[in-house]
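What follows is a group of structures, each given as structure tokens.
Next come two complexes built around chain A: one with chain B, the other with chain C.
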Partner chain A sequence: MNKASLVVYTALTILAFMYFLPFWSVLTTALKSDIEVRMTIPIVPPSNPTTTPLLKAFELMKQGLVNSLLFTSFATIFSSLIGSVNGFMLSKVKFKHSDTVFLALSVGIFIPYHAVVIPLITVTSKAGIYNSILGMTIVHTTYGIPICTLFFKNFFDELPESILNAARIDGAGDFTIYKRIALPLSWPAFIITGVFQFTSIWNDFLFGVVLTKGSNQPASVVLANLLGTTAAEWNVQMAGTFIYALPVVAVYLLLGKYLIRGYLAGAIKG
Partner chain B sequence: MVNVYIKDLCKKFGRVEAVKDFDLEVKSGEFFVLLGPSGSGKSTVLNCIAGIIKPTKGEIWISDKLVVSTEKGLYVPPQERNLGMVFQDFALYPHMSVFDNITFPLKVRKFPENEIRMRAEQIAGILGIKHLLNRKPGQLSGGEKQRVGLARALIRNPPLLLMDEPLSNLDAKLRVLMRVELKRIQREFKTTVIYVTHDQVEALSMGDRIGIMSAGTLQQVGEPTEIYEKPINTFVAGFIGSPPMNMFNCTLTDLERGVLECDFGKYVLPKSVTEAIFMKAVKELILGVRPEHVKVISSQMPGAIEAKLIHVEKLGRELIAHLKIEESKITSIISPEVYSSLKETVWIIFDENKIHVFNKSSGQVIV
Partner chain C sequence: MGSHSLNPLAIILIASLATAFFFIYGLIGWNMLLSFTKSMGLITSYELAGLAQYVKAGSDAVFHVSLKNNLMLITLFIPGSIGLGLLLAVLLDIAGGKGEALYRTIYLLPFSLSFVITASMWAWMYNYSYGVINTLLTALLGRAFQINWLGDPNVALYSVILALIWQFSGYTSLVFLAGIKSVPESQINAAKIDGASTLQLYTKIIIPQLKPWILSAFVVLMVFALKAFDFIYVLTNGGPGVSTYVLALLMFRRAFFETDFPYGAALATILFTMVISVVVPYLLLSSRREEK
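Moving on to the complex of A and B:
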């Protein structure tokens, strides 16, 4: 190893270590007892690991986790499916003013959550879905449509036109082409969109805090309450943080290799 | 078998006129080749016939069915045109097996399961792909993909088969094999074929008739020999034939005796040609001679033109001699025996019965 790469690797190792440190502290603190938390600094491993904080945090967050898991899963599936149909239509079928529709949808990506909070409360109340899992599912699905559409349109743009023309000549209508050809071919796009949507919906705090109350609150809000209301129970708070991070980590571990393949799918022509 | 009739077809992409004033009748059972350089609009014509693109103007009839008419506002989508098409990039469905690929047209049309199976077996047998039925397109070679694409296009036994440069993604050896194969399949299936290519060898060897396109217009339609021997303008003359026809700018200086002042010097036209030009009263001409009609000799003869031998390409059976008269370049096809007798200075004679004379301003043929 030459000098330059030694420097680079050292710097990268330090940075990687710094990046990893908070997560490590979460884990160590979550496994310590109340007293040990106060006696030691966070990065020191627990001398006598205990699962009590984890169990306590889980008990407190149970309902929130179920809520989050429900609307995150449904909203991810629905927004991906809708995005897939939209992307296919905008990329391959093309209709009058389809470019304008796409432009309008793209603008949707840049609308900050905060700008729509008050109208959202009004609309969901009037529609009778305020403070409900259904409401959260619908709101997140809707909010995810622009970005999902963009993902899928970009993916379908790469699909050779001749495949679709072949299918048309073979007698397939637009719906059949979507179902039999576009849908099965677009699994890489589903992986990317799915992971992206799952992560961002799971991590959302703002919609959860303004659109739900009490037992309907998502895990992100419950976690925040845990941090705010309990008087410095660091171990329970860190255990909650750990539990909260688990589903996202699981999704990445499960789909990581497909994710990379999906990102590359456009680059390699079959 | 059906005939195809195209009337006054125009297609604009934005401001670009890809095809204009296109009229053609393809006869029933014919192997018709549309030949032209890239960008000449030949694929656009094919896609209009298939229904993949809508023309800006014109009518297309397939047999006695009007499939598109801008005047009547009629457009029949490709799904209902009852034709097969083979694509340059094969356009196989990558996620389906070969069996699913070739039976897709039947499955979409909800054919009964046992008939699908029977037809797949039959067509796979004819095209020699029976052993590939369970593979995915990614596991096939170019030639195999081509056969699968062909099987998919033919499985419904369509009366009309369109092919868009189907051989251009194959290697040279396979191309020669597939040329013969395609002709055999056409005869076997008794289908009308419209075949698009930029390769003149494919066109001349396969086409019953050829239509030559340039810049969106049809230049000439005819049988291969007719196109080769009687090109109607300088474009067709220069495009067909390899090496291309020798062409020289000339001015008619003596109308009575048919004396031309050419790039390379004086040339006296034969009497029959002179008479034809006399009728047209054109002075600025282009003289064309195919390389095989330029005779090269080693010693001077009356009427022969002196030239320098620059280079010889040895292609085995025949040689291509590159010659220069003053500053004009000229090519000739000679035999190895003739070549062995040549020195640097040679004399050339044009075969008088095989010369072509074009009007320089219009490019149209005179003789």
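Moving on to the complex of A and C:
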């Protein structure tokens, strides 16, 4: 290794330690007893690792985790399917002003949800879905439509017309072409959209805190409450942080390259 | 579309777009309308009251603090994230291969996580008595160098910004790295033949070509700097005092803690207007660029 690359790798390694330090400190603290949290530095690993904080945090967050898992899974599936159809229609079928429609829809990716939450309470209450898993599923599916449509439109834009034209000549309609050709070919777009939606919906806080109460709250809100109330029990709080982060970290480590493609497609965090 | 225009796909498209547009534009319009009415708290009235709620914002001291703090995010968080992102991208690009992939995975991890998670991590990092940063400062420099990261109203906003740069610089480095990879190999080789040093290669040839990538990252960061909410809500809840209030947090507290919906609606409208005046020109610009 020459001198220049030694400098580069040293810099990268020091920075990597600094980026990783908060994660490390969560991990070590989550495995320490109450006394050890106060007696030791947070970067030192526990001398007597205990699972008590993890079990305690899991007990407190169980219901929230189940809630999050339910509406996150359903809304991920529904918004991806709708995005697939819309992306196909806006890319391959097109109609008058379809580009304008797409542009107007794209604005929805960037809007601050603060600008819709107050009327959203009225709408979900009137529809009888306020404070329910169904309501959270519908809300997340709907606000996911712009970004999912974008992902699939980008994908289908790259798909050569010639692949579809052969079928068109044979007299196949749009629905047949979608079902037989576009849908099976678009599995990479489903993975990109799926991991992106799963992580963003799982990570959401605002809709959860405004539209749910008590036992219907998602894990993000339950954790935020836990952080706010038990000011002293840092090990339980860090254990809760670890548990709530785990599914997204797993997705990131296993399917990171698809998540990266989602981030690069002009995506933005809510 | 031909005679087969009312196929199931068209029905899904129309129904889903109608729903999405109602939830986006319909509710934004509804929220705006609410801000111009005489509603009191939870009681909705559609009798118009003009700009009363906006006048109220003008005389709300916390509104001014919040705007100033959003401006601080824009002036410190954006250049910080872009600068650090550029540094990381260049280092990663020089490293290349397996090193690049491994380190990129570490730097980008914070960005994939919920703001509730990262806020919780930093609440612990910044803890005055037991947190990592102060225990390290004490060990290295002595007790006198401890900083009250979240408890000192003159420091707390900088602590928030520092942690946000940590969370977003992996993302900006990812965007810039993609930009660096798009610079044609031939240009890089030509510069090398001309005897350019590595530093010159990046500062003279590569970084000047990253402008569109920097613009796209800038828009993402700008939108975030305007609508930042969950991270600050969990980390400081606007405190100490009102020193870390931002617009979205003020809106949330006025609307949902004090149940002043019309005022919350007005603050949300102001927030929306600011975001949209950044996003729409950018979207128009990039759609025009695509047509060329």
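Worth a mention:
Definition applied: the second predicted complex is superposed on the first by the 252 of 270 C-alpha atoms of A that agree within 3 Å, B and C clash if a C-alpha of one lies under 4 Å from a C-alpha of the other, contacts with A are read in each partner's own complex, and residues count from 1 in each chain.
Heads up, the rule we're going with is that a residue touches a chain if its C-beta (ideal position, glycine included) is under 8 Å from a C-beta of that chain, and two chains touch if they have at least 3 such contacts.
Quick caveat: nothing in here was measured; it's all calculated off a predicted structure.
When the two complexes are overlaid on chain A, chain B and chain C sit side by side with no clash. Using the contact criterion defined above for the overlaid structures, shared-chain residue A:181 touches chain B, although it does not reach chain C.
In the superposed model, A:103 lies in contact with chain C only, and not with chain B. Set side by side, chain B and chain C differ in how many residues of chain A they touch, and the one touching more is C. Shared-chain residue A:205: touches chain C; no touch with chain B. By the touch criterion stated above, A:165 is placed in contact with chain B alone, chain C being left untouched. Of the two partner chains, neither chain B nor chain C is touched by A:254. By the touch criterion stated above, A:173 is placed in contact with chain B and with chain C alike. By the document's definition of touching, neither partner reaches A:127: not chain B, not chain C. Closest approach of chain B to chain C, taken over C-alpha atoms in the A-based superposition, is 7 Å. Touched by chain B in one complex and by chain C in the other are residues 173 of chain A. Taken together, the chain A residues at the contact with chain C in this complex read 4-5, 8-9, 11-12, 15-16, 19-23, 25-26, 29, 37-38, 41-43, 82, 85-86, 88-90, 93, 95, 99, 101, 103-108, 110-112, 114-120, 122-123, 139, 142-143, 145-146, 173-175, 178, 199, 202-206, 210, 220, 223-224, 227-228, 234, 237-238, 240-241, 244-245, 248-249, 251-253, 256, 259-260, 263-264, 266, 268-269.
For chain C in complex with chain A, the residues that touch the partner chain are 1, 4, 7-10, 12-13, 16-17, 19-21, 23-25, 27-28, 30-31, 34, 44, 88, 91-92, 94-95, 99, 103, 105-125, 127, 130-132, 135-136, 139, 166, 170-171, 174-175, 178, 198, 216, 220, 223-224, 226-227, 229-230, 233-234, 237, 248, 251-252, 255-256, 261, 264-265, 267-269, 271-272, 275-276, 279-280, 283-284, 287.
On the side of chain B, the complex with chain A involves touching residues 47, 50-52, 77-79, 81, 83-85, 87-89, 91-95, 104-105, 108-109, 137-138, 152-153. Across the complex, chain A meets chain B through its residues 160, 162-163, 165-173, 176, 180-181, 184-185, 270.
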